[in-house]
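Next up: the structures, one after another.
The same chain A turns up in both complexes below, where it pairs with chain B and then with chain C.
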Partner chain A sequence: PTMSLPDPSTTQNEGYVSATCFDLLLIELVPMAYRIAADLAAKEEVWLASKRRTNLGVGGIGGTAPGLDEEELRETVFFRLDSIGYRVGLALAERFSRERPRFTDPLDVIKFLCKDLWVVVFRKQIDNLKTNHRGVYVLTDNNFKPLKNMSLEKAGAGRSRETMMQQAQPFLYFPAGVIRGVLSALGIQASVVAETSELPGATFQIRTVGSKP
Partner chain B sequence: MASLVPGIACIGVIGKQNNPLHISLFPPGERPSLEFSFMLSSSLDIFEQRLPHKMADQDFGLLQAIDERLAMYGYLTNTGVKFVVIVDMEGRPATVNDSKNPAAVGLRDSDVKPVFRALQTAYVNLLRNPFYDPDEHMPSVAKAQNRVGSTQITSQKFIQEVNRIGELWRPGITQL
Partner chain C sequence: MVVYSFYIFDRHTECIYTRRWTPRPLSSAKPARPQSGGSVLSNGDANTVAAGRRGLSKEDDAKLVFGTIFSLRGLVQKLGGDDNNFVSYRTGEYKLHYYETPTRLKFVMLTDTKVPNLRLHLHQIWANLYIEYVVKNPLSPVEHPGGIGVANELFEGTLERFKVTSIDSIGER
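On to the complex of A and B.
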């Protein structure tokens, strides 16, 4: 498969990057985000405790349970990964929309996302694009690269399929952020929700600002 | 007496919200910055006016010939960033590197294309700097955060690269 690619030693800016390294990096993002969130929560708890000791009357943060509960933790992780993805998306859009002629409408931008950008980041195109022509787009990738090598334990033994799916979801936060960043750089404000109902497929629901549901 | 050849007088980088990201003047001390800021602002009108008609290409080419000496060229990226180059037909004293036949016909759009290509490369490289956050340089975001002060680019590398491009350019150069 490498026979048709230019030899990196002869071309100026081309080179090979290990796809596996990239995959491993993306995988590590999620536990890292969890670790940082837990770390910061612990530090905040220590700081709050010291404030309480000195009686500075800090308002209740919502219970005295140390650290964050499951929901807050997930939100923190989502925000962190989404923001990282967003910044990456901004840069990707600038770099890869370079040679293209100007985009004529939002659908053009979405198609660029599905075809050109997905190939750059995930080495394949989006498999299915649906739209209601009123600002909502649903992108389906039936073999989403980050989920490709995931396997879940079988349902049963006290764990339902939903909790299994919930475990996979944080790995979609970064790609969702990338989508949001690319769209924002190309002039489209949108919210992106990523879901997986069946590994290794993933769907991304893009809702542009001002669209009707 | 040395003849004068065209040289770049000013390079402007303008952001998505029409905010100035960076302005470089060549030679640095000798150009009145207020006048050139005004010219850059007027270029924005031309971008807006021509935008609906402009189809495929990003290169707006010659925006306006300001007077006999100065001409403005513009380029719009897909992400809304505008590069404006103001060329002074008598910008620099001729050196041995310049061609023996000065361009009596004036500049062509293709002469300025390498400048835009190099500027866009410099901007893409700026975005690859993790310490540069494009959102921080948008006035709407700065306002939301109640920040005061300029939203211009402060990256040394980018500014140096822009200056290098501006100083190196001459008509007929193909690679910057």
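On to the complex of A and C.
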């Protein structure tokens, strides 16, 4: 006899979560990552300063720059959000590939990602998939959910587009991590680069290990 | 139906958004031009000219409007009890419509006198435009001191379209 656990996806009027809550949670991930990075940097600075004072021979590690600079901060934030996304992706793949037979072909895995998983997380499918059949895949979403409501004051057209792309970038780190996690759970090691050239569209470049560019 | 202006005040009683559609005074030959933006970042010269009859700068204008609605709201509640809410008032020249959300966000719109009550429209602006393009905008901060983050492209664009389709066409059936 099989155990019949209640399946949230099939019970009616139960197990629904507000989509807005989800959106707002994902939005807050990015500022939180920045705050944590700045916080840790400040603490490290205090710790280093105290070490130098008591002369325990630690001094000089990592230079004496106060806190992190812009580039390092962004990398820390990227790493944090990507790791969070990775863990989420691992779990998502586990949960939502239940009813499917084993994937034989990497392309099948990518198709699963584009159709089923994207619908689960973002309520729509990927709009365009390109591949060079040698391990590189480019996924394009023309109306990417996290970027859908994003805009800035239009203060001077040219420069603000760049800053908008720059500011939008961190919001792509988490989804890129999710993709990496899903692929990893289904047996594909890959690196994922997310970009946006025009809001609200986003492209994800997946480069599987051992592929040729 | 002519809409003259639109203001949003946040719960810290600060004006976070103003938008004007007043036609310029007859002395200049230019056509009506919408002006927008946070009250702090306005261009002094253009505003005093386009302020028209009132001749006030944007900041003063917003403060005056806020003072009016704040006093009226308090008055109405004292006279009629806590359940009563100030909805709109009309003078010989214009009508002011007021909508306040449970989060104490205040939406004010000034139109000509023939417009029926726009409370529902203000509610829609809040629910469909403000919430979508300001609250759920990842790039817009949580608080908006001086109007930061409110006057972004998507919000202004859709506000303009909403005004044109829903409000300007009232009475043109």
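The definition used in the following text is that the second predicted complex is superposed on the first by the 191 of 213 C-alpha atoms of A that agree within 3 Å, B and C clash if a C-alpha of one lies under 4 Å from a C-alpha of the other, contacts with A are read in each partner's own complex, and residues count from 1 in each chain.
Everything below uses one rule, namely that a residue touches a chain if its C-beta (ideal position, glycine included) is under 8 Å from a C-beta of that chain, and two chains touch if they have at least 3 such contacts.
Computed from a predicted structure; not experimentally measured.
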Looking at the overlay on chain A, is there a clash between chain B and chain C, or do the two fit? fit
State whether A:A185 touches chain B only (first), chain C only (second), both chains, or neither. first
Chain B versus chain C as contact partner of A:P146, first or second or both or neither: second
Using only C-alpha centres after the superposition, what angle do chain B and chain C make about chain A, to the nearest 10 degrees? 130
Kindly classify A:I27 by the partners it touches after superposition: chain B alone (first), chain C alone (second), both, or neither? second
Superposed on chain A, how close does chain B come to chain C by Cα atoms? Whole Å, please. 25
Chain A partner, complex, touching residues on chain B are 16, 54-58, 76-81, 120, 123-124, 127-128, 130, 133-135
Residue numbers on chain A that touch chain C, as the complex places them: 20, 23-24, 27, 30, 146-147, 149-154, 164, 167-168, 171
Touching residues on chain C, where the partner in the complex is chain A: 37, 132-133, 136-139, 151-155
If we count contacts the way the header does, which residues on chain A are in touch with chain B in the complex? 87, 90-91, 93-95, 97-98, 100-103, 185-187
